[in-house]
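Chain IDs A, B, C and D follow the sequence of writing; residue 1 opens each chain.
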Amino acid sequence: MNSFGRLFRVQIFGESHGDGVGVVIDGCPAGLDVPVEDFLPDMERRKGGTQKGATPRKEDDIPIIKSGVFNGKTTGFPIMIFFENKNTRSSDYEKQRSFPRPGHADFVAHKKFGGYEDYRGGGHFSARLTTGIVAAGVIAKKLLKGISVEAKVIEIGGESDLEKGLQKAIDAKDSVGGIIECRVNGVPLGLGEPHFDSVESLIAHAMFSIPAVKGVEFGSGFAAARMFGSQHNDPIENMEGRTTTNHAGGIVGGITNGNELVFRIAVKPTASTPKEQFSLNWDTGNMEHFSVKGRHDLCVALRAPVIVEAATAIVLADLMLQEGRIPRVL
Amino acid sequence: MNSFGRLFRVQIFGESHGDGVGVVIDGCPAGLDVPVEDFLPDMERRKGGTQKGATPRKEDDIPIIKSGVFNGKTTGFPIMIFFENKNTRSSDYEKQRSFPRPGHADFVAHKKFGGYEDYRGGGHFSARLTTGIVAAGVIAKKLLKGISVEAKVIEIGGESDLEKGLQKAIDAKDSVGGIIECRVNGVPLGLGEPHFDSVESLIAHAMFSIPAVKGVEFGSGFAAARMFGSQHNDPIENMEGRTTTNHAGGIVGGITNGNELVFRIAVKPTASTPKEQFSLNWDTGNMEHFSVKGRHDLCVALRAPVIVEAATAIVLADLMLQEGRIPRVL
Amino acid sequence: MNSFGRLFRVQIFGESHGDGVGVVIDGCPAGLDVPVEDFLPDMERRKGGTQKGATPRKEDDIPIIKSGVFNGKTTGFPIMIFFENKNTRSSDYEKQRSFPRPGHADFVAHKKFGGYEDYRGGGHFSARLTTGIVAAGVIAKKLLKGISVEAKVIEIGGESDLEKGLQKAIDAKDSVGGIIECRVNGVPLGLGEPHFDSVESLIAHAMFSIPAVKGVEFGSGFAAARMFGSQHNDPIENMEGRTTTNHAGGIVGGITNGNELVFRIAVKPTASTPKEQFSLNWDTGNMEHFSVKGRHDLCVALRAPVIVEAATAIVLADLMLQEGRIPRVL
Amino acid sequence: MNSFGRLFRVQIFGESHGDGVGVVIDGCPAGLDVPVEDFLPDMERRKGGTQKGATPRKEDDIPIIKSGVFNGKTTGFPIMIFFENKNTRSSDYEKQRSFPRPGHADFVAHKKFGGYEDYRGGGHFSARLTTGIVAAGVIAKKLLKGISVEAKVIEIGGESDLEKGLQKAIDAKDSVGGIIECRVNGVPLGLGEPHFDSVESLIAHAMFSIPAVKGVEFGSGFAAARMFGSQHNDPIENMEGRTTTNHAGGIVGGITNGNELVFRIAVKPTASTPKEQFSLNWDTGNMEHFSVKGRHDLCVALRAPVIVEAATAIVLADLMLQEGRIPRVL
């Protein structure tokens, strides 16, 4: 299934090389101002702009709002936003059909969907599907008044100097991965539940729905496993619950504690590396050398921060609605 | 909410120092043999047994099956399993009410639930709630014929020699965390979906519902972020999709690829450290020194593998049912 | 699946002749006073009391609250309520196994669940399962401050004089059905949505989960199909939306309009009629004469009003929570 | 929320006088042939064609499939189908804004959504939203191999002679309601569950999501309430469960029993009657006389059978998928 959320609900659809991609956002309160231009900065960030290492495929990514908005404001009904695919060059992909690309879903998609999947450019598996998530995130962020959600790449190709990390990829004629950190300020104490509705569960669920994400950690995360309890515990300083340190990343017992929300995600290197690969040719049944054609990012992590922000905002907006902290009419 | 799953659905309930804890498992196929003795090994593992560093609280943890089983077999209707709390010493906890324990949910629970929460021994936040998850896991594992789900501690207190890691805690009179690795063999190719129903999303969701988990990574995980694409991509060897390496941890595009499923979780050090702490006393409103009383594990990670297995099996059983790979009557 | 609700969520379990039946209520706000004695009047109504025509099976139906309540108040966590089965006489049922009782689920249950179903007294299909619904309804009603939910039998055996209708059944040595009307006063304008979350959809969903219900109509219902539009439309009288008539039953466009909520349900005659029947004997494969043994109501409709109220209150409490009209801490 | 279903999931969106309306169908198996022309007959039935009494608004209602279909076949991913609104004359509606139309959602929508609702032609409340449901129904019907779902009007304006009923409306210059009967043949024994997932619950839920539906009854329905048990019980004839009569409408204990599924729905008279009405003018705050302008059906029931079929097919397809009776790849 391709939907997420309980009261603020996001349903994505579309394919990389079909007519387009989009999203239906259900449960958004009425009265929210959503001019198209408010979407553009985040849409632009997702595209990677003129960033070195970003894919040369260019789409204008203008959101076409087809429903749920009247006189510039949300109506309280499902908001359908569509993004046309214009700049598709499927021919690049056709010629590689004999090689299920390693690190991509080609092989599993073919097996699972019996060959009926739209394989062009990854089809529904494509990161282009995150366009709808980013658009939903723009709306979710607007609902989170007084809350800032900010993600950025903190490491690329193993380097905290990002230029250096990218240069490493260029020099090696290879793709690289990266680490993204997200920080949320202003989140109220009390969102989430222990166990299945823990804020960690919900955010991690959303994060792993982003292609190429292979790890998520909150606060000290994996480093916490190497700390003593006396080090890791965050002393509580005052009656508002401010803590001296924030090893917990702002979540205790699955519930936000009012401190900064901090988590990191690991993004694997772009599967479409410029390097020659050696893998199965399913026409011959043998492993053979081949090179991936097409337009690809050297590092998908560069475009991911805005997606991470969007997915985070979607989770938080849903939790805020469940707690009655966002009114149904703004 | 305290439930999880789409067709194989788990609802937990209970408190650490109330009458007991339990689970309702809805959607289990009919005809499964579920003798009480089949639950005992996993229940025992959860208790930590005679393990050094495990809490001295002893419960017999005999599952009392109250519904959904007839003549020793599942009926296809909700299975309610209850575990009585017998060995509770709430007095230990009462005296600490003036200190919301750092690293615990005391403070957030009090704020969120307006003081109505059952604070004794962590109440509903307690790891005792995982009893129901383990019981559901026993049933889920039975449904996963030919699939083995095995988790173990691979690091404790930063040491891969587990005795050494635990000794470190004992010597420091402190608690430690650990890392657990789970490996699933025999999982068929084709479970999961890209995006919101990715196997990573669902497993991570389940993992972060386990108390003290602060990180989850699949395959190479965070290390993938430091690899080149040509290194990380797993070459496909044959028409069944076996890969030469398994950096993906058995999941590509959110879908199982038929190779071993591998993931790791980070468990923070037990919040109840024997060490003296300095934190808010909410009677005085000042930070003060105090020590946690009660019976606690030096390292909760030691008891977590069986919970990790259970949560994993629950996710997989649900996905198998959704794919029609497990019949409704066995 | 045996659960219902989005934020106020009810999961039932149990069998007629097993250990007992019960319910887990998840999502109930914290701070609600729930003394056991507050459950008893509705539990008593469900049992049918000393009513002529009610089953002679007597259970004390004392709710045993196993979780989610601390110091007499809800904690915000799952409330598990259990009802022990004490007065079971399975032997009555054993002897009829060769006849799948017409009007009962015996035949379909056997086929669907492969013979693994607990057939004693209807097992999980039994109206005894409504015990948990009534208990959840008691809690839901408490959440609906200022709202009264009242259902009553308005027709039995085709007679609006209920004594007469019941006497008809006694005279005919047969069972009869009935019609129940439910009226809700004080419900705020604005609950529900058009289409899938219409108040009619949700209430009807809940009503048809009650055994023996075969019809639901709102306001004028089926009679509306025989009216002119000018007759059926309810003129709006004032700025609060009060209508002169109430043919709509208080719901327009799927949304409550602030007027009284009115709907009726049709309850079929008790399937276990005292009359001899002619139906399949699955030992012989032929149709044969037989009589149902055991203790049964002449008219199950007599016991249904409190269940109708409960199911209605559950729906409304959920909608109120979704609209943020009930706080999370009371 | 505007979605429905567990594994076969339908999300609708759109407004009567906006850009268009549509649906996202998630969970459809891969490999289903879905040429556009296969949608046209049902789309045409929904429009009411040249039927006397049907609205003169004409839309071509060509489904535009934007995703989820590749080379003419479903891919297993979300299918988005869009219908453009072409023939809108909002001016008709603008002039009536001072009168919230009785029987319509104008008043409740305004109050609930704070005036942000798209009021033109009923906006999201419009029966035009059923376009998406009918499209989803076309796909669902294709999944139900060997199962026929057929609904028809059996009564209009209180007359079983439909011409006569319609003439009654024309003569009275008023609108009328009607009754629709749906019959499903070939449905396997064993779909559904007792209680919340009863087939009656799910079908009723879907039926009441159709605008103007005010009653649903299965089998004998309300008439059952006036029968004796010995009359209503359907004797079982043979080992396949065929029953001599079908008062149960093919559902016992919430589960299909393999006999014909039969249910009826009551459709209220079109709220937009040509008759003058007397109701609130919210500019003046007084009740005043007014007439509804615009293009309207004399009897919406005439267009509803195909919607009833669609909603029924959606429910059954979902249940079949849950039971593993429809494969994931066709």
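Just so we're on the same page, a residue touches a chain if its C-beta (ideal position, glycine included) is under 8 Å from a C-beta of that chain, and two chains touch if they have at least 3 such contacts.
Keep in mind it's a predicted model, so treat the numbers as computed, not measured.
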Fill in the blank from the handout: Two candidates, B-C and A-B; the one with more touching C-beta pairs is A-B
Handout entry: Chain whose mean Cα position lies farthest from chain C
Key = A
Problem - Centroid distance [mean C-alpha coordinates] between chain C and chain B, Å - result: 37
Handout entry: Inter-chain centre distance, chain A versus chain B - centres from mean C-alpha coordinates, in Å
Key = 26
Completion exercise
Two or more other chains are touched by the chain B residues 1-3, 7, 12, 112, 124, 328
Problem - chain C to chain D touching residues, read off their complex - result: 1-4, 12, 100, 102-105, 107-109, 111-112, 124-125, 129, 155, 157-158, 169, 172, 174-179, 189-190, 193-198, 200-202, 204-209, 211, 213-239, 241, 243, 247-249, 252-257, 266-273, 275, 277-280, 282, 285, 287, 301
Exercise for the section: Could you pull out which chain A residues touch chain D in their complex? Expected result: 1-3, 7, 9, 11-15, 18-22, 24, 26-27, 30-31, 66-68, 70-71, 73-80, 82, 112-114, 116-118, 123-124, 328-329
Handout entry: Contacting residues of chain D [partner chain B, same complex]
Key = 6-7, 321-324, 327-328
